[in-house]
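Consider the two complexes below, in which subunit A is the common component and subunit B and subunit C are the respective partners.
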Partner chain A sequence: MGELLVKDKEVVVPGEIIAEGMDYLPSFGTYRKEQRIIANRLGLLSIDGKVIRTIPLAGRYVPRRNDMIIGRVIDILMSGWRININSAYSAVLMLQEATFKYIEKGANLSKFFSLDDWVVAKIIRVSSQNLVDLTMKGPGLRKLDGGRIITVNTYKVPRIIGKQGSMVSMIKEVTGCRITVGQNGFVWIQGEPEQELLAVRAIKKIGAEAHRNGLTDDIKKFLDKNKVKTKGEKQ
Partner chain B sequence: MTFKKRPDGRKFDQTREIEAKAGIIKKADGSAYFRIGKTAAYAAVYGPRELFPRSQQDPKKGRLRCNYNMMPFSGAGERVRPGPSRRSKEISMVSEKALLPVVDLSDYPNAVVDVFIELPQTDAGSRCAGICAASIALADAGITMRNMVSAVSCGKVDDKVMIDLDYEEESYEDGDVADIPVAMVPDTGEITLLQMDGKIKKEDLKKAIEMVKKPLKEIVEIQKKVLKERYK
Partner chain C sequence: MNQDFKNHINKSLNKNIRMDGRKKDEFRKITIETGVISTAEGSARVKCGETELIVGVKMGVGNPYPDIPEEGVLMTGAELYPLSNPEFEGGPPRERAIETARVIDRGIRESGTIDTKKLCIKAGEQVWMVFLDVAPVNMDGNLIDIGCLAAMAALKNAKFPEFKDGKPDYKKLSKKSLPISKVPIEVTVAKIGDNFLVDLTDDEEKFVDARLTVAILEDGNLCAMQKGGDSPLSEDDVFKMIDLAIKKSKELRKLL
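Up next, the complex of A and B:
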């Protein structure tokens, strides 16, 4: 009979024995050694029936298909752009995926995206060697103008977005900023300068306290307390 | 005069006081502090990140790169000349090999994980402290690791077998001294680092390695505890 040695939703560290016996199945972040299931990554334990896996708490972004990410143009290639996506691997945005416009042969590509431009893009392919292809064709995918970029841990992005986007829309509502959160941990914020700063503080707070319960209420209180009035707005 | 008592009054199978902490360097992907007695080590992990020059990339799996460095003011009085030396290059290499058996980088082809070990203060046993700190930092960075590695030294001063020698014991002059740093995966019993300075008999070596297993287990528990404390 299998026995679980760690409770669900607890933090496990590499080498920690999670379960004994053959009744459970190891999944992401765990491995089996003889009768035992052992963690091999720092993470939050998640038990789904017989399957044991861990949800990572730390680490760099690993590119995955269909992720919406924010990236910076770091090089212009013969027929595309090389984009830094805050990961160990850079991505390529091919010419035919970049725009619906007709681009002439031999055109100067920096007219469309030049070095250090920021873009919102979607990952369409990741190869076994982690070569990444991007597309800019799709709703919400665009070049970013103005605003500021901040970096957060990629594994805290789901908390920043919240259930059905509840957290990020709350910040948008209070600060009046435009916010785009990329899966890779880059966040773009644009609005009035003071409001931008408040949004940055709120997002950093979520990043620091991501593993706590009842975070949405805390952030709501935080935003209400530190609310800044925009010019011309009456109370 | 024979060696009867340890200068700081410890028992022969007792380590110095240990203090550890995870996640202390904000900019790094993972970091840790590990202190054993007067020897202190910081470890910072960056990556997986792009590896250059390209000729060093390995398309089969990621690389692990360790850098061990003693700070100029860290030794006992004399200034340590900054920059790489024969000694620090060797210790960087053995630290890397002590950690590599547990680290799995097959998910990161062509990339590198950098580990920087810095020692602000040393009193013997610095490579062991460095390996302990690096092991916590790698786990903190979310790197896939089969298990944790812990390290501590053992050895012999005059005719007494003991563990965790400090500098005063290591430089004992009226008899033979052997200093044996050991790194181990305590859960499986694999030894990943075993070096020796000095002279020791076969039976004493066996005795010393038996003696060092218990403190290594205790260190691994401390390492796991501090990683969990970070998320409380």
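Up next, the complex of A and C:
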């Protein structure tokens, strides 16, 4: 019979023994050594059934396949673009993955994406050497025009999105802003200036209080309290 | 720079709302602490929103310049540490660090804040040399204004070390302060589109068309200016910017 040595949502440090016995399964930030499960990251412990993982308190984004991310074009290559994805590694968007359009040989690539453009893309490959490949083919993947980008802690992104996107759709509904949350911690917001500001404040609040219970209700109260009406909007 | 994003910010600015919710002519909250470094003769730490910087005053004794044998020396340096902003890199100072130091220096020097003749110990042989070092701890824009404010706070805070047998004794500070007569305040006004802003954050500084730093004295006289940015400024623009700078300088002066 396995035994849990640390409670749920407690802080664990690298090397700490979390559980003994074979009943639990190690996930992100933990590993098994013989009969024990040991943490290898500093963070909050999360126990979901049999699966044990740590939720890091802070850290840089680690690219993973199928993540939808927001990135900035930092270089134009011979046949593609280099994209900053808020990680230790930059990503490459290759020509054939960039658009459905036909691109002629020798075409000026900055017509499609130029330096400092922001894009929503999906990670299709992360090699063992941490070379990251992106695609722009897919629903919701596009170039961003106008709006603003804010950076949040990448490990708080699941809280910002909420269960089935409940949190972010609540913010969208109250503020009327268009919001895209990238898994890498970049968040794109576009709306009326006052509303945008409220959305930013709400998102920052989620980031700061992500560890608390009943956060959705708190944020709902916060949004209702600070709601601003925009001229011409039907209420 | 991304034109779409800039247009978006401009739209918001036309409604007098900035990215962080401030008005166009609004400063962030400023706090000043003095005497924060025990090994310096004078020091100040100034926080303005997320921007935080420390200025230290060090006083040494050295030879005067041969062309001005009766005058002391004032030197201002700024170093933009990589820890204060991801865009700063180590190595020899670059354009931005040099500009920051020189504009702060110019405001203090041209206003005649420090009477350098009073720094003379023995004409042609020994004079006091005042070194002013600006060190950002966290850089979120508006380095020049905050740097100048911190520099003035540090200079006011500074005390001469004891001077014995031709040598300063840094272990004992005397009660004598620096000969400060005037207090220049620098205010940078930036132009984005048709809007004039003060106290820009790091994010906003990326979108600046042109900026003008004005050093202002108590009586409203201007003693130094510096223009930056790619766009030209019309005469009308310059007057509007100066008026705004004078208005804001009165607020900043109260903090010192």
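Structural remarks
Criterion: the second predicted complex is superposed on the first by the 199 of 235 C-alpha atoms of A that agree within 3 Å, B and C clash if a C-alpha of one lies under 4 Å from a C-alpha of the other, contacts with A are read in each partner's own complex, and residues count from 1 in each chain.
Please note the rule applied: a contact is a pair of C-beta atoms (placed from the backbone, for glycine too) under 8 Å apart; a residue touches a chain by one contact, two chains touch by 3 or more.
Just so you know, these numbers come straight off a predicted model, no measurement behind them.
Applying the stated contact rule after C-alpha superposition, one finds that A:118 touches subunit C and leaves subunit B untouched. Look at A:129: by the touch rule set out above, it reaches subunit B but stays clear of subunit C. In the superposed model, A:193 lies in contact with subunit C only, and not with subunit B. Of the two partner chains placed by the overlay, neither subunit B nor subunit C lies in contact with A:165. Judged by the touch definition given at the top, the superposed model places A:58 against subunit B, while subunit C stays out of reach. Between subunit B and subunit C, B contacts the larger number of subunit A residues.
Judged by the touch definition given at the top, the superposed model places A:147 against subunit C, while subunit B stays out of reach. Of the two partner chains, neither subunit B nor subunit C is touched by A:138.
Note: no residue of subunit A belongs to the subunit B contact set and to the subunit C contact set alike, using the contact criterion stated above. Interface of subunit B with subunit A (complex): residues 29-30, 47-50, 59, 62, 102, 104, 107-111, 139-148, 185, 187, 220, 223-224, 227-228, 231. Residues 1-2, 4-5, 7-9, 11-12, 15, 17, 19, 21 of subunit C are the ones touching subunit A in the complex.
Interface residues of subunit A, counted against subunit B in their complex, comprise 11, 13-16, 29, 31, 38, 40-43, 56-60, 62, 88-90, 128-130, 155, 211. Residues of subunit A touching subunit C in their complex: 116-118, 144-149, 190, 193-194, 196-197, 201.
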